[in-house]
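We just call them A, B and C in the order they show up, numbering each chain from 1.
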Amino acid sequence: MKGLTLYPMKKVEIIVRGEDLSFVLDLLERANVSGYTIVHNLSGKGSHGFHEGHLLFNEEDTLAMVVSVMPEEKARSILEGFAPFLNKHSGVVFVSDTMVSRIEKFKR
Amino acid sequence: MKGLTLYPMKKVEIIVRGEDLSFVLDLLERANVSGYTIVHNLSGKGSHGFHEGHLLFNEEDTLAMVVSVMPEEKARSILEGFAPFLNKHSGVVFVSDTMVSRIEKFKR
Amino acid sequence: MKGLTLYPMKKVEIIVRGEDLSFVLDLLERANVSGYTIVHNLSGKGSHGFHEGHLLFNEEDTLAMVVSVMPEEKARSILEGFAPFLNKHSGVVFVSDTMVSRIEKFKR
(Lines give C-alpha, C1' and ligand atoms only; values in the text may rest on other atoms or scores of the structure.)
Protein backbone atom coordinates (compact mmCIF):
# COMPACT_ATOMS: atom_id res chain seq x y z
CA MET A 1 0.00 0.00 0.00
CA LYS A 2 1.54 3.25 -1.20
CA GLY A 3 2.16 6.31 0.94
CA LEU A 4 2.42 4.45 4.20
CA THR A 5 5.00 1.95 5.40
CA LEU A 6 3.55 -1.30 6.62
CA TYR A 7 5.60 -3.93 8.43
CA PRO A 8 4.89 -7.65 8.14
CA MET A 9 4.02 -9.39 11.38
CA LYS A 10 2.40 -12.65 12.43
CA LYS A 11 -1.02 -12.74 14.05
CA VAL A 12 -1.30 -15.66 16.44
CA GLU A 13 -4.81 -16.71 17.43
CA ILE A 14 -5.15 -19.26 20.23
CA ILE A 15 -8.51 -20.78 21.20
CA VAL A 16 -8.61 -22.76 24.45
CA ARG A 17 -10.97 -23.60 27.25
CA GLY A 18 -11.40 -20.80 29.77
CA GLU A 19 -9.71 -22.88 32.45
CA ASP A 20 -6.55 -22.99 30.29
CA LEU A 21 -6.41 -19.27 29.60
CA SER A 22 -3.89 -18.55 32.34
CA PHE A 23 -1.51 -21.09 30.81
CA VAL A 24 -1.71 -19.30 27.46
CA LEU A 25 -1.17 -15.85 28.96
CA ASP A 26 1.80 -17.13 30.92
CA LEU A 27 3.31 -18.53 27.70
CA LEU A 28 2.82 -15.17 25.95
CA GLU A 29 4.38 -13.31 28.86
CA ARG A 30 7.39 -15.60 28.88
CA ALA A 31 7.80 -15.06 25.12
CA ASN A 32 7.83 -11.35 25.92
CA VAL A 33 5.10 -10.34 23.47
CA SER A 34 4.21 -6.66 23.50
CA GLY A 35 0.52 -7.23 24.03
CA TYR A 36 -2.50 -9.46 23.56
CA THR A 37 -6.27 -9.26 23.47
CA ILE A 38 -8.67 -11.78 24.99
CA VAL A 39 -12.14 -12.50 23.62
CA HIS A 40 -14.17 -14.19 26.37
CA ASN A 41 -17.32 -16.28 26.49
CA LEU A 42 -17.04 -17.98 23.15
CA SER A 43 -18.86 -21.15 22.37
CA GLY A 44 -17.79 -23.69 19.83
CA LYS A 45 -17.24 -27.20 18.75
CA GLY A 46 -13.99 -29.07 18.31
CA SER A 47 -12.45 -32.46 18.75
CA HIS A 48 -13.60 -32.53 22.39
CA GLY A 49 -17.28 -31.74 21.78
CA PHE A 50 -19.43 -28.67 22.10
CA HIS A 51 -18.71 -25.86 24.56
CA GLU A 52 -21.50 -23.55 25.52
CA GLY A 53 -20.80 -19.88 26.03
CA HIS A 54 -22.46 -18.42 29.10
CA LEU A 55 -22.59 -14.86 30.28
CA LEU A 56 -21.03 -15.77 33.57
CA PHE A 57 -17.89 -14.64 35.31
CA ASN A 58 -17.01 -18.28 35.64
CA GLU A 59 -14.68 -19.01 32.71
CA GLU A 60 -14.55 -22.74 33.40
CA ASP A 61 -17.13 -23.87 30.90
CA THR A 62 -16.48 -21.53 28.01
CA LEU A 63 -13.82 -20.95 25.40
CA ALA A 64 -11.55 -17.95 25.12
CA MET A 65 -9.57 -16.67 22.16
CA VAL A 66 -6.30 -14.83 22.61
CA VAL A 67 -5.06 -12.70 19.72
CA SER A 68 -1.50 -11.39 19.64
CA VAL A 69 0.53 -9.80 16.87
CA MET A 70 4.27 -10.29 16.97
CA PRO A 71 7.42 -10.74 14.86
CA GLU A 72 7.80 -14.12 13.19
CA GLU A 73 10.51 -15.41 15.54
CA LYS A 74 8.27 -14.92 18.57
CA ALA A 75 5.40 -16.68 16.83
CA ARG A 76 7.67 -19.65 16.22
CA SER A 77 8.75 -19.83 19.85
CA ILE A 78 5.13 -19.65 20.99
CA LEU A 79 4.10 -22.45 18.66
CA GLU A 80 6.96 -24.59 19.95
CA GLY A 81 6.13 -23.79 23.57
CA PHE A 82 2.48 -24.56 22.97
CA ALA A 83 3.00 -27.96 21.28
CA PRO A 84 3.13 -30.12 24.44
CA PHE A 85 -0.06 -28.50 25.73
CA LEU A 86 -1.90 -29.26 22.48
CA ASN A 87 -0.98 -32.93 22.78
CA LYS A 88 -3.10 -33.23 25.91
CA HIS A 89 -5.70 -30.46 25.84
CA SER A 90 -8.43 -29.01 23.67
CA GLY A 91 -7.20 -26.03 21.75
CA VAL A 92 -6.16 -24.72 18.38
CA VAL A 93 -3.60 -22.20 17.20
CA PHE A 94 -3.69 -20.32 13.90
CA VAL A 95 -0.85 -18.19 12.56
CA SER A 96 -1.62 -15.63 9.83
CA ASP A 97 0.25 -12.92 8.01
CA THR A 98 -0.72 -9.39 8.94
CA MET A 99 0.74 -5.90 8.67
CA VAL A 100 1.10 -3.04 11.12
CA SER A 101 1.93 0.59 10.55
CA ARG A 102 3.31 1.27 14.03
CA ILE A 103 6.07 -1.27 14.48
CA GLU A 104 7.23 0.31 17.74
CA LYS A 105 4.01 -0.89 19.39
CA PHE A 106 5.03 -4.51 18.74
CA LYS A 107 8.61 -4.44 19.98
CA ARG A 108 10.01 -4.40 23.45
CA MET B 1 9.02 -20.35 9.72
CA LYS B 2 12.00 -22.64 10.36
CA GLY B 3 12.10 -25.51 12.82
CA LEU B 4 8.37 -26.17 12.79
CA THR B 5 6.17 -27.45 10.01
CA LEU B 6 3.17 -25.26 9.31
CA TYR B 7 0.32 -26.33 7.04
CA PRO B 8 -1.66 -23.85 4.95
CA MET B 9 -5.38 -23.70 5.70
CA LYS B 10 -8.24 -21.32 5.03
CA LYS B 11 -9.87 -19.35 7.83
CA VAL B 12 -13.53 -18.72 7.09
CA GLU B 13 -15.22 -15.95 9.06
CA ILE B 14 -18.98 -15.62 8.77
CA ILE B 15 -20.92 -12.73 10.32
CA VAL B 16 -24.70 -13.06 10.44
CA ARG B 17 -27.66 -12.04 12.54
CA GLY B 18 -28.07 -14.13 15.67
CA GLU B 19 -31.31 -15.56 14.32
CA ASP B 20 -29.38 -17.00 11.35
CA LEU B 21 -26.65 -18.63 13.42
CA SER B 22 -28.25 -22.07 13.38
CA PHE B 23 -28.31 -21.99 9.57
CA VAL B 24 -24.57 -21.31 9.51
CA LEU B 25 -23.73 -24.03 12.02
CA ASP B 26 -25.84 -26.51 10.09
CA LEU B 27 -23.94 -25.62 6.90
CA LEU B 28 -20.60 -26.14 8.68
CA GLU B 29 -21.75 -29.46 10.09
CA ARG B 30 -22.88 -30.66 6.68
CA ALA B 31 -19.49 -29.64 5.23
CA ASN B 32 -17.98 -31.81 7.95
CA VAL B 33 -15.62 -29.17 9.34
CA SER B 34 -13.56 -30.30 12.31
CA GLY B 35 -14.61 -27.40 14.53
CA TYR B 36 -15.74 -23.82 14.81
CA THR B 37 -15.85 -21.00 17.31
CA ILE B 38 -18.73 -18.58 17.83
CA VAL B 39 -18.31 -15.00 19.02
CA HIS B 40 -21.67 -13.79 20.35
CA ASN B 41 -23.23 -10.42 21.05
CA LEU B 42 -21.50 -8.38 18.40
CA SER B 43 -22.85 -5.13 17.17
CA GLY B 44 -22.22 -3.65 13.80
CA LYS B 45 -23.36 -1.91 10.72
CA GLY B 46 -23.85 -3.30 7.25
CA SER B 47 -26.07 -3.00 4.24
CA HIS B 48 -29.12 -3.66 6.42
CA GLY B 49 -28.48 -0.97 9.04
CA PHE B 50 -27.09 -0.93 12.54
CA HIS B 51 -27.36 -3.88 14.91
CA GLU B 52 -27.00 -3.27 18.60
CA GLY B 53 -25.18 -5.82 20.74
CA HIS B 54 -26.91 -6.53 24.02
CA LEU B 55 -25.80 -8.68 26.88
CA LEU B 56 -28.93 -10.77 26.64
CA PHE B 57 -29.47 -14.45 26.11
CA ASN B 58 -31.76 -13.51 23.29
CA GLU B 59 -29.64 -13.72 20.14
CA GLU B 60 -32.36 -12.34 17.90
CA ASP B 61 -31.22 -8.75 17.81
CA THR B 62 -27.47 -9.15 17.73
CA LEU B 63 -24.81 -10.36 15.34
CA ALA B 64 -22.66 -13.44 15.72
CA MET B 65 -19.36 -14.33 14.08
CA VAL B 66 -18.41 -17.92 13.36
CA VAL B 67 -14.73 -18.68 12.76
CA SER B 68 -13.64 -22.00 11.31
CA VAL B 69 -10.31 -23.16 9.91
CA MET B 70 -10.40 -25.82 7.23
CA PRO B 71 -8.72 -27.12 4.07
CA GLU B 72 -9.32 -25.06 0.93
CA GLU B 73 -11.76 -27.50 -0.67
CA LYS B 74 -14.09 -27.31 2.33
CA ALA B 75 -13.93 -23.53 2.31
CA ARG B 76 -15.01 -23.55 -1.32
CA SER B 77 -17.96 -25.84 -0.64
CA ILE B 78 -19.04 -23.62 2.26
CA LEU B 79 -18.88 -20.49 0.13
CA GLU B 80 -20.94 -22.20 -2.55
CA GLY B 81 -23.46 -23.47 -0.02
CA PHE B 82 -23.71 -20.05 1.57
CA ALA B 83 -24.28 -18.09 -1.66
CA PRO B 84 -28.10 -18.48 -1.87
CA PHE B 85 -28.43 -17.36 1.77
CA LEU B 86 -26.39 -14.21 1.09
CA ASN B 87 -28.71 -13.26 -1.75
CA LYS B 88 -31.57 -12.82 0.69
CA HIS B 89 -30.09 -12.15 4.13
CA SER B 90 -27.70 -9.85 5.93
CA GLY B 91 -24.32 -11.41 6.30
CA VAL B 92 -20.76 -11.42 5.10
CA VAL B 93 -18.13 -14.10 4.62
CA PHE B 94 -14.37 -13.55 4.53
CA VAL B 95 -11.82 -16.19 3.57
CA SER B 96 -8.20 -15.71 4.61
CA ASP B 97 -4.99 -17.69 4.44
CA THR B 98 -3.76 -19.03 7.73
CA MET B 99 -1.40 -21.75 8.95
CA VAL B 100 -1.67 -24.43 11.58
CA SER B 101 0.97 -26.61 13.18
CA ARG B 102 -1.35 -29.46 14.17
CA ILE B 103 -2.99 -30.52 10.95
CA GLU B 104 -4.60 -33.57 12.58
CA LYS B 105 -6.87 -31.21 14.53
CA PHE B 106 -8.37 -29.97 11.25
CA LYS B 107 -9.08 -33.27 9.53
CA ARG B 108 -11.74 -35.83 10.09
CA MET C 1 -10.08 -21.48 -5.32
CA LYS C 2 -11.67 -22.92 -8.44
CA GLY C 3 -15.33 -22.65 -9.36
CA LEU C 4 -15.97 -19.48 -7.43
CA THR C 5 -14.62 -15.99 -7.99
CA LEU C 6 -13.02 -14.46 -4.94
CA TYR C 7 -12.04 -10.80 -4.74
CA PRO C 8 -9.05 -9.62 -2.71
CA MET C 9 -9.85 -7.15 0.05
CA LYS C 10 -8.15 -5.85 3.17
CA LYS C 11 -9.38 -6.74 6.64
CA VAL C 12 -8.69 -3.93 9.09
CA GLU C 13 -8.79 -4.82 12.79
CA ILE C 14 -8.65 -1.97 15.28
CA ILE C 15 -8.37 -2.55 19.04
CA VAL C 16 -8.95 0.46 21.28
CA ARG C 17 -10.27 1.33 24.71
CA GLY C 18 -14.05 1.33 24.89
CA GLU C 19 -14.05 5.07 25.49
CA ASP C 20 -12.35 5.57 22.12
CA LEU C 21 -14.75 3.39 20.14
CA SER C 22 -16.85 6.31 18.92
CA PHE C 23 -13.74 7.94 17.45
CA VAL C 24 -12.99 4.77 15.48
CA LEU C 25 -16.55 4.38 14.20
CA ASP C 26 -16.59 8.01 13.14
CA LEU C 27 -13.36 7.47 11.20
CA LEU C 28 -14.83 4.42 9.45
CA GLU C 29 -18.01 6.31 8.60
CA ARG C 30 -16.05 9.20 7.15
CA ALA C 31 -14.01 6.73 5.04
CA ASN C 32 -17.36 5.47 3.78
CA VAL C 33 -16.77 1.80 4.56
CA SER C 34 -19.67 -0.50 3.72
CA GLY C 35 -19.86 -2.03 7.16
CA TYR C 36 -18.08 -3.01 10.35
CA THR C 37 -18.46 -5.37 13.28
CA ILE C 38 -17.69 -4.56 16.92
CA VAL C 39 -16.52 -7.12 19.46
CA HIS C 40 -17.15 -5.70 22.94
CA ASN C 41 -15.87 -6.46 26.42
CA LEU C 42 -12.41 -7.64 25.54
CA SER C 43 -9.62 -7.66 28.03
CA GLY C 44 -5.98 -7.44 27.20
CA LYS C 45 -2.56 -6.11 27.80
CA GLY C 46 -0.61 -3.59 25.79
CA SER C 47 1.83 -0.76 26.16
CA HIS C 48 -0.52 0.97 28.62
CA GLY C 49 -1.03 -1.95 31.00
CA PHE C 50 -3.73 -4.51 31.58
CA HIS C 51 -7.40 -3.86 30.81
CA GLU C 52 -10.00 -5.99 32.49
CA GLY C 53 -13.08 -7.03 30.55
CA HIS C 54 -16.28 -6.77 32.56
CA LEU C 55 -19.77 -7.81 31.62
CA LEU C 56 -21.07 -4.32 32.13
CA PHE C 57 -22.82 -1.89 29.84
CA ASN C 58 -20.18 0.63 30.78
CA GLU C 59 -17.57 0.44 28.00
CA GLU C 60 -15.17 2.80 29.73
CA ASP C 61 -12.89 0.23 31.29
CA THR C 62 -12.77 -2.41 28.59
CA LEU C 63 -11.33 -2.85 25.13
CA ALA C 64 -13.28 -3.16 21.91
CA MET C 65 -12.21 -4.55 18.55
CA VAL C 66 -13.66 -3.24 15.31
CA VAL C 67 -13.33 -5.43 12.22
CA SER C 68 -14.02 -4.03 8.76
CA VAL C 69 -13.31 -5.43 5.31
CA MET C 70 -12.71 -2.94 2.53
CA PRO C 71 -10.79 -2.25 -0.69
CA GLU C 72 -7.10 -1.48 -0.25
CA GLU C 73 -7.42 2.26 -0.93
CA LYS C 74 -9.90 2.69 1.92
CA ALA C 75 -7.66 0.73 4.26
CA ARG C 76 -4.82 3.11 3.44
CA SER C 77 -6.94 6.18 4.14
CA ILE C 78 -8.08 4.71 7.45
CA LEU C 79 -4.50 3.97 8.51
CA GLU C 80 -3.50 7.50 7.62
CA GLY C 81 -6.47 8.99 9.45
CA PHE C 82 -5.77 6.85 12.48
CA ALA C 83 -2.07 7.71 12.80
CA PRO C 84 -2.43 10.90 14.90
CA PHE C 85 -4.74 9.08 17.33
CA LEU C 86 -2.19 6.27 17.80
CA ASN C 87 0.48 8.79 18.75
CA LYS C 88 -1.45 9.72 21.86
CA HIS C 89 -3.74 6.80 22.75
CA SER C 90 -3.65 3.09 23.46
CA GLY C 91 -4.60 1.11 20.43
CA VAL C 92 -3.37 -1.10 17.65
CA VAL C 93 -4.35 -1.60 14.03
CA PHE C 94 -3.69 -4.71 11.94
CA VAL C 95 -4.24 -4.98 8.21
CA SER C 96 -4.52 -8.43 6.63
CA ASP C 97 -5.29 -9.84 3.21
CA THR C 98 -8.65 -11.51 2.90
CA MET C 99 -11.03 -12.53 0.12
CA VAL C 100 -14.75 -12.12 -0.38
CA SER C 101 -17.12 -13.77 -2.82
CA ARG C 102 -19.75 -11.04 -2.79
CA ILE C 103 -17.88 -7.90 -3.75
CA GLU C 104 -21.10 -5.87 -4.04
CA LYS C 105 -21.47 -6.10 -0.24
CA PHE C 106 -18.22 -4.16 0.19
CA LYS C 107 -18.81 -1.29 -2.22
CA ARG C 108 -20.99 1.75 -1.94
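To be clear about the criterion, a contact is a pair of C-beta atoms (placed from the backbone, for glycine too) under 8 Å apart; a residue touches a chain by one contact, two chains touch by 3 or more.
Quantities reported herein were computed from a predicted structural model and do not represent experimental measurements.
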Numbering shared by both copies at the chain C-chain B contact, with half separating same from different: different
Cα-superposition angle relating the copies chain C and chain A, to nearest 5°: 120
Centre distance in Å when chain B and chain C are each reduced to the mean of their C-alpha atoms: 18
Multi-chain contact sites of chain C, meaning residues that touch two or more partners: 39, 55, 96-97
Partner chain B, residues of chain A touching it in the complex: 15, 39, 41-47, 53, 55, 63, 65, 72, 75-76, 79-80, 83, 86, 92-97
Residue numbers on chain C that touch chain B, as the complex places them: 1-4, 6, 9, 11, 34-40, 55, 57, 69, 96-102, 105-106
